[in-house]
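The same chain A turns up in both complexes below, where it pairs with chain B and then with chain C.
Let's look at the complex of A and B:
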C-alpha cells in the first residue's frame, strides 16, 4: 500500500514538474515551436471560402499549391488557382516569399490576357484578401522575426502568447492561443487601436501524420465572418519549381 | 458560317470528363443613355458559351483548349449575330507551348495605353471601351529559365472596327490586303526576369504587319489603304520594396512616309487604401509631308473596394491640348457570378481637341452580367 502511495506520489510530482516546465516556456519559445511544427514539404489543397455578412454570402473556391519553409532557409512558394465562381475561374496568383521576407507576386487574369507583376507594401499586405475578413498578410502567414512575444497565461492546456509587431503593420497586437501538446494555433485575437477587431478559430485534422487546418473561421467584430474549409489534401506530392512559374499560372 | 461551330461545341461538351473539360458561359444585358440628350443607347444583349479544358494530368497537362462563342442581339438593327471568338488548342511540348487557332495575344506591361500590344485588331466602335478581336494565328512560346520567347504568325489580315461613321459606298476604294504570303504578319516578344527588388521584367517586341485601321485619302474618290509597318518596342516593369510599381513601354512604328512612336511611363501605388495608377503618354507622328505632331496625355486611375461586394473605380485622362475624359465606374456583386456595373464617360474640351471632339457623346451605361 505504501509502495503504491509512493509510486503515485512520484508520478504526480513528475507530471507536475513536466507541466510546470511546460508552463515556463517563454513566448518566443512557444512561438518558435509553433512555427517549426512538422509541415509537409509540398501541399496541394482545395479551399472553399465563404464570406458572410448581413445574412448574405459570397463564395470563392481555389486550389492552393505550396512548398518551402522560411524557417528552414527556403523560399516559400505558392500558387492559388481559382475554381469558382465563374467570373474569377481561371485566375491565378503566384507568390514567392524569400527568406529575407521580400515577396514577389504575379497575378493572372484570363480576361486581361497577361500576367501582371504586383508590388507588395505594408498597405497591400494589410488589404483584404479578395474581399474577405482575412488580409493578404493573414493568408500568406506572419514572419516569426517580425514580432516580440510574451507568454501571458496558461489554461486548458493552451499557452496564451501576446505578439507585438516590431514595425508598423495593420495590427497593434495579436493574442495567440497555442495548444501545448501539438503547438498549433487554436485561436488568434487581433487588436487594433486597443480594441479587438477580429478573431480566428482553427480546427485541425491529421493528414499523413501532419496536423492540417480543416476549417479556419475569421469573425470580425463588425459582424462579418469568413470561413475557409480545406479539403482534398495532397501532401508531400513531388513537384518541381516549374510549377511556380508564369507558365503554370496561366494553364 | 459561324453556326458550323455550334455542333462541334455540342460534341465537345458531350465528352465531358474525358479531358477535364468544363462548360461555362455568361449572359449580359444592359442599356446606355446619352447624358446630353434624352436619347437612350441600346447596347448589344449577349450570351457567351465557353468550352475549355486540359488534356492529360491537370497538374502537368499535355495540352489545353478553349472555344468561346458569342451570340448577340443588336437592338439598333434588330439583328442577331453568332461569332466564334476564341477557338484554340495548345500542345505543351517540353519547354515549348504551341497554340493554333483563333486567339488573343497580349504583349507589354502598361495598362491604359499599350504601345507594344499590336498583334490583335480591335473593335473600336465605342472608343473608350475598345475590345480586342481574336484572330487565327500560330503561336510558339518558348519557356526558358528566367526568360520566354513568344513568336506569332498571322496568315490572315483582319481589320479593326473603326470609331465613328464608317465610310462606305461606290466611290470608296477599300484596299484591304489580300490573303497572300506577302501580307502574312509575324513578330515576337522576348521577356526576361531579373531577381532584383521584388522583381524586374524586361521585354523586347518586334512585329511586321499591316495597319488594321485605314489611312483615308479623299481625292477624286475616297481611298482606304492599310499601310504595312515594322514595329520595334520595349517594356519594363520594376516592383520596388515599399510597394511602388514602375512601368514603362514604348514603340517605334516605321510606316511608309508616316512613322509614329509612342512612349508610356507609369507608376502604381496603394495610396491610403486606393490602388492608384498614373501614366504619362507621349505620342509622336510624322505625316507624308514630314510635319511632326506631339501629343501629351496624362492618365490617373483609382480603384477602391469598400467591401467584398462593391468596387469603385475612377479613370481620368488629360491632354495638353486642354481636353480630357472622366469615367467613374461602380461594380456591385449581387451574388456569386452576378454583377451589376454602372459606368459614365464624360468628355471636355474644344471640338478640335483629342477628347473634346467627343464632348457631345457623354454616356452612361448600366449592365448586368451573370457568369456560370
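Let's look at the complex of A and C:
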C-alpha cells in the first residue's frame, strides 16, 4: 500500500513538473515549436471559401497545390486554381516565396488572356486575400524571424503568446493561443492601432499523421467573416517544379 | 363654482403645501433631462428615405462622414505629407472612427515594366521629389481621383475623409478630430460634417437656454413692475410662471424626453404665455381692491369672472400645443409636450396657488389706476367707441388684409435645409462653403441600384449616368462600382472603357480584391453583385434646390438605367426634403386641430358663437402671420411652421375680452357701450399682456439657431397683430355678430 502511494506520488510530481516545465516555455520557444510542427512536403487540398457579410455570402472554391518550407531553407511554392463560381473558373494564382522573404506572384485571368505579374510589396502582403477577411500574408503564413514573442499566459492547455512585428506591417501585434500538446494555432487575435480587428479560429483533423487545418474561420470586428473549409487532402504526393510555372497556371 | 372657489380659499395652506411638495418632485425630474442635438433627432419617424439611409448604412457599411480640408501653399512637400500621415494615424486611433481616407493611407495600382504593382500612394516618410512627382502624376491621370477627391490639382489643399459609427458622441468626436489638426498641421484647415454640425448645435443650445431664459425673465419682470408698480405685482406672476416652468420641465424629465435644439422655444413660450394668466387675474384683483371690495370677496370675484377666461385660454393653449404630439418629428413632439405641460401647470398655479397666496397675504396698496383713466384709458375708450360705431368698415379692412396676406402665403418657400439652421458667419457654414468649393460637395445623394451588377451593359449605363450628371452644376465627384471598374480596366489593360464580358468583370474584380480589404468592394456593391451604391457628392442646398437636383437625377437615371435596374434615392440632403413634406403635413394637421379644439373647448364652456367670434382674431392672425412670411421672403421651416399653433397660445387675450364683454352686457349695457367699457377695463391688461409676451419672444431673436431667431422675430409681429386685432377687429365682430351673448348663454344653460 505504501509502495503504491509512493509510486503515485512520484508520478504526480513528475507530471506536475513536466507541466510546470511546459508552462515555463518562453514565447520564442513556443512559436519555434509551432513553426516546426511536422508538415507534409507537398499538399493538394480543395478549399471552399465563404465570405459572409450583412446576411449575404459569396462562395469560391479552389484547389491549392503547395510545397516547400522556409524553416528548412526551401522556397515555398503554391498555386491556386479557382473551380467556382463559373465567372472566375480557371483563374489561377501562383506564388513563390524565397527564404529571404522575397515573393514572386503571378495571376492568370482567362477572360483577359494574360498572365499578370504582381509586386511583392508590404502593401500587397497586407491586402485582402481575394476579398476575404484574410490578408495575403495570413494565407501564406508569417515568417518566424519577423516577430518578437512573449508568453503572456497559460490556460486550458493553451499558451497565450503575444507577437510584435520587428518592422512595420499591417498588424501592431498578434496574440496566439497555441495548443500545448500539439503546438498548433487554436486561435489568433489580430490588433491594429490598439484595437482588436479580427480573430482566427482553427480546427484540425489528422491526415496521414499530420495535423491539418479542417476549418479556418476569420471573423472581423467590422461584421464580416470568412470560412475556409479544407477537404480532399492529398499529402506528400510527388510533383515537380514544372507545376509552379506560368504554363501550368494557364492550364 | 363660487362654492368651489370659496372652499379652495379655506384650505390655502394645504394648497401651498401641495404645491411645495409637487414642485420639489418636479425639480428632481428636471435634473433628469438630457440633451440631444444629434442629426437623427431631426429625422422624421417612419420615413422611407430615412429608412433607406439606415439600410444603406448597414448593407454597405457606409458611415457618416466628416470632411477635413487641409490648406497650404503647396501640400505636396515632404513636410506637409509627413504631417498628413501623422494626422491620419491619430484620427484612425480615435474611438468611434471606422475609416480614414487620405493621401497617405491610400494605395495605387499601376503597371510598371509589365508588373502590376499595388503600393502606398505616398511611400514612407520624407518622400523624394521624384516620389512627389509620381504621386501628382497618378492623381491627375487616375479616373477616380482626377476630380480632386484626395487633393486639389493646384496642390493648395488635401482632403481627409473620416467615417465614423452612428453611435459615437458627435460633439466629442468633433473636438477630438480637430485636436491633431491644431497640433500637427502647420497650415489652415476647415471641417464640415455631422460631428461639426452637432457640436455647433450643442454650443447653441448650451448658450441659448440660460442666456435667453434669463433675458426673457428680466423683460417679463420689468413688464410686471411697469404694470402694477408693486412688488406683489412683480413676484406673484413670476412665481406662477416659474412653477409652470418647473412642473413642465419636471414632467418632461420624468417622461424621459430629451431637450433638443427646437425645445428652447418651449420654456420661452411658457414664460411668455404663462405670464398672461396671472396678469389678467391680478389685474382684476387690483381692480376689485380699488373699488373697495374686501380682499376675500375680491379673490372670489376674480376667480369667478376672470378665472373662467384663464381656464378656457389655458385649456385651449395646452390643447393646441398637444396637437404637436401628432408630428412625426421627435423635436416637435418634445416641444409640444413641454409647452403644454408648462402652460397647463401655469394655469393651474394661477387658479389655485395664486388665490391661496393672495388670501394669506395682506391686501396690497393699489398704486396704478387699472381702469379707464389716464392717457391709456382715454385711448382705449376712443378705440372702443370707434370699433363700436364703425364695425363694418373695420371688418371689411380686416377682410382686405386677409386677402392680401393670402397672396403672400402662396409666395412661401419652404426650406428645412440644415445649413439654414446656422448663421452665415458661423464656423459650420464657412467650413461647408470651403469644402463645397474644394471638393464640389460636402454631403451626398446616394443612389441604390438593384440589378445584375456584373452585367457590362448595366455598368456601362451607370458610368454614362455618372459622366452625364457631371454637367449639373450642383454635382461633385461620384463613386460607384462602374467608375471603379473603369479605373481598374484601364490599369489592367491600358484600354479606356469597361470590361466587355461578365467573366472579365468578375476576374478584374478578383485582382482588385487581392489589393484592398473586404470593405473596399462591399462599400460599393453587395457580395452577390445584386445591389450597388452610387455616391454623388453635392453641396448643402436649400430644400427647394435639392428637390430640383433630385428631380434631374431621377429623370437622368430613369433615362439611362431605368430599363436595366431598379433605382432608389436617399442621402442626408434628401432627408431634408422629406422633413419639409412632414412639416407641411404637420402644419396643416396641428393647426386645423388646434383651431377645432379651441372652438370645441370654448363652445362647451360658453357657446359656439362666442367661440367663433373669438377664433376670428386667431384665424386672421394666422393668415397675416404666414402672409408676412411669404411677402418678406422668410422660409417656412422647423420653427416658423409652429407659429400658427403658438399664435393660438398667445392669442388668449381675445378670450378675456369676450368674457369681459359678456359681463358688461349682463350689466345691461348696450353692445356699443359694453365694448367701450370692456376695452377701458380689460384693454390695459391686454396691452401689457401683449408687451410681456412680445418681450418674452423677442429674446429668441438673439438665438444663434436661425429657425428660432426667425420665429422670435415673427412671434413679436404675431403678438402685435393679435393685440391690434383684439382691440379692433374683435370688438367690431362682437358688436356685429355677438350682440346678445347673455340670451345665447341663457339658452345654452337651459338646454
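Methods note: the second predicted complex is superposed on the first by the 251 of 251 C-alpha atoms of A that agree within 3 Å, B and C clash if a C-alpha of one lies under 4 Å from a C-alpha of the other, contacts with A are read in each partner's own complex, and residues count from 1 in each chain.
Heads up, the rule we're going with is that a residue touches a chain if its C-beta (ideal position, glycine included) is under 8 Å from a C-beta of that chain, and two chains touch if they have at least 3 such contacts.
From a predicted model like this one, the values you see are computed outputs, not experimental measurements.
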Clash or fit, chain B versus chain C on superposed chain A: clash
Contacts of A:129 with chain B and chain C, given as first, second, both or neither: second
Contacts of A:141 with chain B and chain C, given as first, second, both or neither: neither
Contacts of A:87 with chain B and chain C, given as first, second, both or neither: both
Which superposed partner A:153 touches (first chain B, second chain C, both, neither): neither
Touched partner set for A:239, first chain B, second chain C, both or neither: first
First, second, both or neither for A:251, with chain B first and chain C second: first
First (chain B), second (chain C), both or neither touched by A:102: first
Which superposed partner A:112 touches (first chain B, second chain C, both, neither): both
Common ground on chain A, meaning residues reached by chain C in one complex and by chain B in the other: 51, 53, 56, 58, 85, 87, 112, 117-119, 121, 123-124, 127-128, 130-132, 224
Residue ranges of chain C touching chain A (in the complex, touch as defined): 58-59, 61, 89, 92-93, 98, 107, 114-120, 454, 492-493, 499, 501-511, 513-522, 526-528
Interface residues, chain A side, partner chain C - complex: 51-54, 56-58, 82, 85, 87-88, 91, 93, 107, 109-112, 116-119, 121, 123-124, 127-133, 136, 193-194, 220, 222-224, 226
Contact set on chain A toward chain B in their complex: 44, 51, 53, 56, 58-59, 84-87, 89, 102-106, 112-114, 117-124, 127-128, 130-132, 224, 239, 243, 245-247, 251
Sites on chain B touched by chain A in the complex: 22, 24-26, 54, 59, 61, 64, 97, 104-109, 132, 143, 148, 197-199, 201, 237, 239-245, 268-270, 272-273, 305, 307-309, 333, 335-337, 339, 369, 371-372
